[in-house]
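In structure tokens below, several structures.
Two complexes follow with subunit A in common, the first pairing it with subunit B and the second with subunit C.
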Partner chain A sequence: MDLTGRFTREDAIRWAPLMVLIALVILFTAINPQFLSLRNFARITVAAAPALMVAVGVTFIILMGSIDLSMEGVLSFTAVLFCYAFVKFGGTLAAGGWIALPLILLVGAVVGMINGLIHVKLRIPSFMASLAMGFVATGATVLLTGGGIVKIDDDVFRGLLTYRLLGFPLMVYVAGIFVLIAWFIQTRTTLGRNFYAVGGGEELAHASGLNVKRVRVAGFTLAGVFYAVAAILQVAKLGQAESVTGANFMFISITSVVVGGVALWGGVGGVWNALVGVLIVNVINNGMVVIGLPDYVQDGMLGLLVIIAVVLSTDRRAVTVVK
Partner chain B sequence: MSTFIKDFIEQETVSRRNFLLASAAGVGSMALPMAFGQGAAFAAENPALAWSYRDRASAYWNAVVSGGENFVESLGKTKDDMTSLINEGSSEKSLADIKAFLAKNSGNCAIACDANDSPNARPVVEAVKAAGGYISTIWNKTDDLHPWDIGDNYVSHMTWSDEKPAEDTARILFAAMGNKGGVVHLGGIPANNPAVERLNGLKNALKDFPDIELLDAQPADWDTTKAAELMASFITRYGDKITGVHCANDNIAYGVLEALKAEGIEGMPIVAYDGNPEAVQMVMDGKLLCTVFTNPYWGGGVSLALAYHAAIGTFKPSEEPNEHREFYGPTVLVTKDDAAAFKAKYMDAIPTYDWSDFWGPSNGGIVYK
Partner chain C sequence: MYQLAKVDKKFPGVHALKAVDFQIGRGEIVGLVGENGAGKSTLMKVIYGAYQPDGGQIIMDGKTVRFANPRAAMEQGIGMVFQEQSLIANLTVMENIFLGYEQQFVRFGVINWKAMATAASAQLAKVRLTIDPATVTSALSFAQRQLVELAKVLTLEERVQGNLVILLDEPTSVLAEDEVKLLFKLVRELTTRASFIFVSHRMDEVMELSDRIYVMKDGAVVDVVNRGEKTVEQIQHKMVGRNVDKEYYREHRQKPFDATKELVKLEGVSLPGRINDISLTLHAGEVLCLVGTEGSGREAILRTIYGMRTPLRGKVSLKGQEISRFSPRNAVERGVGYVPRERKVEGIVAGMTVYENMTLSQMGRHSSAGILRIAGERALARDWISKLSIKASSELADCGNLSGGNQQKVVLAKWRSGGSDIMLLDHPTRGLDIGAKEDVYDMIRDMSDAGVGIVLVADTLEEAIGLSHSIIVVKDGAIQKRFACEPGAKPSLFDLLHYMI
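Up next, the complex of A and B:
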């Protein structure tokens, strides 16, 4: 709102993604009232939790005006490594499997850091560097698994999916906590503000004495950690990992981030936009089945709704060139 | 394209080429290239071996290629004597790699191949024929392409018919549901032939069970994650009406089981397909009612064996009946009763196959609709 308390155009754009989300919920509920139930929202959030972690991770990168396309490979790689480590350290959380948790976050950080270093030190565009890194990670995963599946059979760990608090499985709360951590990094740390500085105007940030390269590497490292969290939640959800565990996450996460109102040219948006975006995409996916939309219409409808959501939620007037 | 138009174009192209040749070198020389084309099919010594396929990331293709390697080792060679031509899902790469392999070995090749998509099979086998190599294909080819039309160089084609086995799994599912209730089907990628056949199998079985309703059938793209999310949405839409789940493959069944686990639902009758080791274990544990094993290991081995033995002249493909040139691969239904025996026979130790028994485990000649 402006000084006089009126609802301005900027306000409308800021709140547009949330409005789209609410409108979708109302639409689906009107067609099939079963959509609006605690159980169904729990199902939607379970489906959304791993994608949300990937989306939050890539949000930091997109805020800087870069892009990270390594998520599918990194997710598969960390998920498979997590399963192997979990089994190796005892096969249950209590027996020592918990060691796999911090270990895999560390692996995620290292992979992300390599990603960032390749991008910055070798001066390869982030698009290409991260895509290549993703392929390397996928290749390593195939090498590890030989095309097979690694399973985790521990009821305590799977409690992330099966144990419910107020109707929602534990993994939803874990995802929520990591969103809060991401929000804290974004708003309360120098690093978070530096992401905006780089995304808003890299030359200016550099001229002001900011070590842009270090910020970029830190951003990719942070994203790697969030991909590892996504991998852990994905394993909690499915009880297994294989070389295709990360499939489709690139499309879902980047679509979500953009639909949520994070601008691909950097500097605009944040963690909450990613959250709303992931919920929009997952509500659409769930809702289309719940209202009984024929499957051959669903992909087209998803694409259409994504375009509408982006049109409503980004301030395209501020952009002179679209590429 | 109809055969009429294709034949017409071929005739036109050939006659124009012939005309140019004739005017350049005289009618007499026309016989020469023809003779070369036909004469290329001679028995070869020690042909170079290759398997052309998508990639090794899935358990399925890993088994196919392992079978190929086992055949090569049975010849007293090493695994490395079989070249992997990985097409990464690209038909262009598939064809280019095969042409390069033929050129490198002067056509003295025995190749097994999945051409990636149906239209690509024709240029692939024609390239092999032109170079004088030998090829066996699996899965992808158009209905109008037949080994006996191409000649000895196109040794054989094997595919799997999934309709009947999928119907069998549906009948087992319906019996477990007490012959009544509601069933949902989670399918493969919509345009994939196996996805179509497996849904058709379910529909065929439904005709005999009037008290069973097909509530919904939607694609889960062979994918565990997508299956879990689709099943969750089905539960919202149909709730308790779902009393049985028909899955197009094992990976989908894993996702369905996890979606049900999240809801605390146990003992839902579920059937799967593909006979992966994890699924067989789940059948033994009673989590799945059944799955279907298609023996990709044998398929991978025997396809290369056929191309190899045709190349060295062990048998002459054109002297074999059509059902030895185009045939269905094996399908084995795995239920709780026989899962343990099945696991012991096929999973715990890989069976030793007689790679010169080309057609023993196969399932008869291909029938076109």
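Up next, the complex of A and C:
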């Protein structure tokens, strides 16, 4: 707001994603009141939880002005590996399957780190390096599974989906906790500050004595951890994993991040934008089902949304360039 | 001919323009002066259409107009030469000159580069620049870029009928003396066709060039002075609201430095094509000034000390330790701070807040185990905001929204507050108003008292002479002459110039 308390253009741009979200909720409710029910909201959040983790992970990368396209492969890979490890260590959480949880977060970190190191050390653009990494991970997954499916049969672990607290499954709260962790990293740690510095002005960050390369590798590592969290939630949701478990997450997560108002050139936005973006995309997806739109219209709508979002955010850039 | 009536502009937390009345006649040169953050750049942006006023009117030739964007203003003959460099570095000079107006050279869908080059050469000739229009812009010096910017604006001469208004926002801050002279000559010649609005913090220049001077303070025009009506001191008094200290460079505070403590030592350092066989020593408490013309190698020396360049030959030692791996991070860890002259690229991160910018180089001191102590950071920033009277609504303000001079103060605070004891200052007072310059001179003396060694590339020769303990004159990458500068026994301007050219 400005001095007079008036709503300025900048405010409008900053709050646009949230207002879009609210407007969508109102719109769908008006068309079909069923939309605004606890049951349906639980459905939306369950669908959104894994995508949210991916979106948060990639947000850190986009904040740095890079891009990560490895999420689908990494997600499948960690999901499958998680199932194998879970079964290997006893097949139930209580029997030792819990070891798979920290193990798989570690695997995610390592994969992300390799991704970052390839990008930084070999000086390959991040989109290329990560795209290749994603294919490598997918390939490894196919090798592991031989095209098959790995199942997990543990009621305690599946409790993430089946046990409800205040109407929402446990996994929604888990996702919520990881969003808070991400928010803490973004606002309260040197690493988070470094992401903004690198995204806002890499040369300057370098000239200020920051180790830009290390920041980049750390960013990809962190993203890898969040992809692994997404994999665990996705397995909890489906009870199984295979080489296509990660399919579609690239488009959904990047769309969400952009729609939520994270600028693709870096330095602008954050975890909250990712959250709002993921909710917008999922509300649209769910809403279109609830009001009974055909599939092909749904895809088209989503595509349209990306374009509108990018138009909105490039407009903001023009504002800062015209000095 | 062009007039603003009661123009108002507000930003979040800032009333940047308060009912400003302003006018400029045909062929007039109008000066605009005021403190950092007084609203000069904002006024210019309103004039050339980048901002729309919240209140008041813009009147051209008796008609009220409203410009939706800079292009609309350009079509009415209003063009801007930017304070911060605005050319796109990886395009050629001619592409920059005709950016957005390439259509005139398009035949059957392709650009006729030859025609564009010829046209660009004609524009460059207007500013007496003889460079190949196909040169990539990043290869030009600051001064050349500034002239290209002017050439770009001068394309309006052909494009628009009638009178032009050309805005110059601190065009001289990166220019050497002879280049300033050339610019002024050009401006005077062009008054047959155009009126000029000229913003500068160098009062002598404003006095020399302007037919009329508007004095701004806190967003309002506080005085309008016709040529010769008032003295520099009177105008400065209006600007800052107090008398300016006659002891400008604080010579009485200059104390002998500690010759036993060597902070920086260069021995036979060479960077091919930039500097050759440079040897110098910086001591604790010393202000060492590098003097030379644009491109003489002063910046390369600073950058070598800072680790941004790796010398081909020679030794660089910081505090007695020879440097083997050159990187800014290494230098920062050894207590080196660098205030670069390109503020927009290497000075501040637009989009980050004032406090985040200030602690960027010293996050380690404000965190434990990677977790930041934000309250401490903000307290530090508040402290420096008041120490250097930085005009920002709070430490949470976006640094990119501060005025040019205030951004410069943030950069200074960033390194000073970080406790650097080797300071490399490249034009630290560039774009600062006189009040702020005084603060910086005081800061430099404070640092000397605290045993900080300073390598300075000054804005003017007077500044160099006034501030330094020692002066080294550099020409074509080599040291020509050293001067000791004890108070009372300082070299004269003439002494220096003799070795510079």
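What we mean here is this: the second predicted complex is superposed on the first by the 304 of 323 C-alpha atoms of A that agree within 3 Å, B and C clash if a C-alpha of one lies under 4 Å from a C-alpha of the other, contacts with A are read in each partner's own complex, and residues count from 1 in each chain.
Here, a residue touches a chain if its C-beta (ideal position, glycine included) is under 8 Å from a C-beta of that chain, and two chains touch if they have at least 3 such contacts.
Predicted model only: the values in this text are computed from it and were never measured.
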Fit or clash between subunit C and subunit B when superposed on subunit A: fit
First, second, both or neither for A:G292, with subunit B first and subunit C second: first
Which superposed partner A:A247 touches (first subunit B, second subunit C, both, neither): first
Which superposed partner A:V142 touches (first subunit B, second subunit C, both, neither): first
Vertex subunit A, arms to subunit B and subunit C (CA centres, degrees, nearest 10): 130
Contacts of A:R14 with subunit B and subunit C, given as first, second, both or neither: neither
Partner chain(s) touched by A:G200 [first = subunit B, second = subunit C, both, neither]: second
First (subunit B), second (subunit C), both or neither touched by A:G267: second
Partner chain(s) touched by A:N40 [first = subunit B, second = subunit C, both, neither]: first
Nearest-approach distance, in Å, of subunit C Cα atoms to those of subunit B in the combined model: 33
Subunit B/subunit C common contact set on subunit A: none
Residue ranges of subunit C touching subunit A (in the complex, touch as defined): 10-15, 45, 50, 69-70, 82, 84, 86, 306, 308, 328-329, 331-333, 338, 340, 345-352, 356, 360-361, 363-364, 367, 370-372, 374, 400, 414
List of subunit B residues in touch with subunit A within their complex: 55-62, 190, 216, 218-219, 223-226, 228-230, 232-237, 239, 254-255, 258, 261-264, 276, 278
Touching residues on subunit A, where the partner in the complex is subunit B: 32, 34-35, 37, 39-40, 43, 46-47, 138, 142, 146-149, 151, 158, 161-162, 169, 234, 237-240, 243-245, 247-248, 285-286, 289-290, 292, 295-296
Complex interface listing, subunit A residues touching subunit C: 1-4, 8, 10, 187-191, 193-194, 196-197, 200-201, 203-211, 267-268, 320, 322-323
